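Chain naming follows the written order as A, B, C and D, and within any one chain the residues start at number 1.
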Amino acid sequence: MHGYTGDKDAYLKRLRRIEGQVRGLQRMVENDEYCIDVLTQISAATKALQAVSLGLLDEHLKHCVAQAAAEGGQVADEKIAEASAAIGRLVRS
Amino acid sequence: MHGYTGDKDAYLKRLRRIEGQVRGLQRMVENDEYCIDVLTQISAATKALQAVSLGLLDEHLKHCVAQAAAEGGQVADEKIAEASAAIGRLVRS
Amino acid sequence: MHGYTGDKDAYLKRLRRIEGQVRGLQRMVENDEYCIDVLTQISAATKALQAVSLGLLDEHLKHCVAQAAAEGGQVADEKIAEASAAIGRLVRS
Amino acid sequence: MHGYTGDKDAYLKRLRRIEGQVRGLQRMVENDEYCIDVLTQISAATKALQAVSLGLLDEHLKHCVAQAAAEGGQVADEKIAEASAAIGRLVRS
């Protein structure tokens, strides 16, 4: 049971659509489509992945982190340090 | 024939690996894996897509844009404006 | 009193260094320095600002958000929604 | 003489405004303003720096790179490799 479990189907649907976008990119490259058009589609896939990340992170803060914070102590500190590290990776990727 | 045509197989291989990463993300969500682990894998897929973008853009500059610039005139201006717009989308995505 | 208050002097020092970097950029442009060198320095300033953001956000989660989460209820929900929105702006900027 | 020389005054004006934004950030931290408000202002400064980068890069492609491409040979290859590296730094920062 995690923060995103309630929205699992919605997340799976979004990830399947992103898988379709990546397969579409392969078709574009196979058909020698114009570089700039391929780049535009990669930006779309990257944004879609980023939106999934932001959604998962929001659920994570709302559930796992909020619950740990309510309990307090070392678990709370660890959960927050872990979330901050994930935010850093997200910002830099 | 485009800038990336010579490396087409390498690009297809990278895109197939990214497709595998996105399918792996679906399995992680299906198995209720820990949010932070899912986020780490999304960052990896996003970085891989970004690296493909940077590679394609480099080929595009080396071939399409360089050739247009050598011809000069309006075609050169348009190709450079188009490349700048693509770079902007890439930076903001 | 906010999450970063304890590290206020350190944050001010970092922001003053970034101010110096931006003034350095002005000198580079005034002296017609090479575009690529200016771009490299802008990337350095942008990364420094981003690092300040990630630091402030970490403090914010550790203090304001953790405290609100411990209290629970609507305040907790609002603080987390607000933090998620700030993370989204950070990721997209 | 570089690509941006013609717009030098406009770039200096934008960089002075960004310097003002960074000084504004220092005032906010000094006055213990709310973390989320500081983060919003940092995002604004980061976006302004990024826009300067994209502008300089566009000028660089239009002038330095286009001219090198027209000359061809090793200089053209080097200028394009250098621009690609700068784009990579920009995307990752």
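General observations
Operating definition for what follows: contacts are C-beta pairs under 8 Å (C-beta built on N, C-alpha and C of every residue); 3 or more make two chains touch, one makes a residue touch a chain.
Keep in mind that this is a model prediction, so the values were computed, not measured.
Seen from the C-alpha centroid of chain D, the farthest chain centroid is that of A.
The centroid of the Cα atoms in chain C and the matching centroid in chain D are 18 Å apart.
Here the spacing of chain B and chain C, counted between their Cα centres, is 28 Å.
The mean-CA centres of chain B and chain D are about 22 angstrom from one another, to the nearest whole unit.
Residues of chain A found to touch two or more other chains are 50, 53, 57, 83, 90, 92. This structure has the following touching chain pairs: A-B, A-C, B-D, C-D. Those residues of chain D lying in contact with chain C across their complex are 1-5, 8, 11-12, 15-16, 18-19, 22-23, 25-26, 29-30, 32-36, 38-40, 42-43, 45-47, 49-50, 52-53, 56-57, 59-60, 64, 82-83, 86, 89-90, 93. If you check the complex, the residues on chain B that touch chain D are 50, 53-54, 57-58, 61-62, 65-67, 69-70, 72, 76-77, 80-81, 83-84, 87-88, 90-92.
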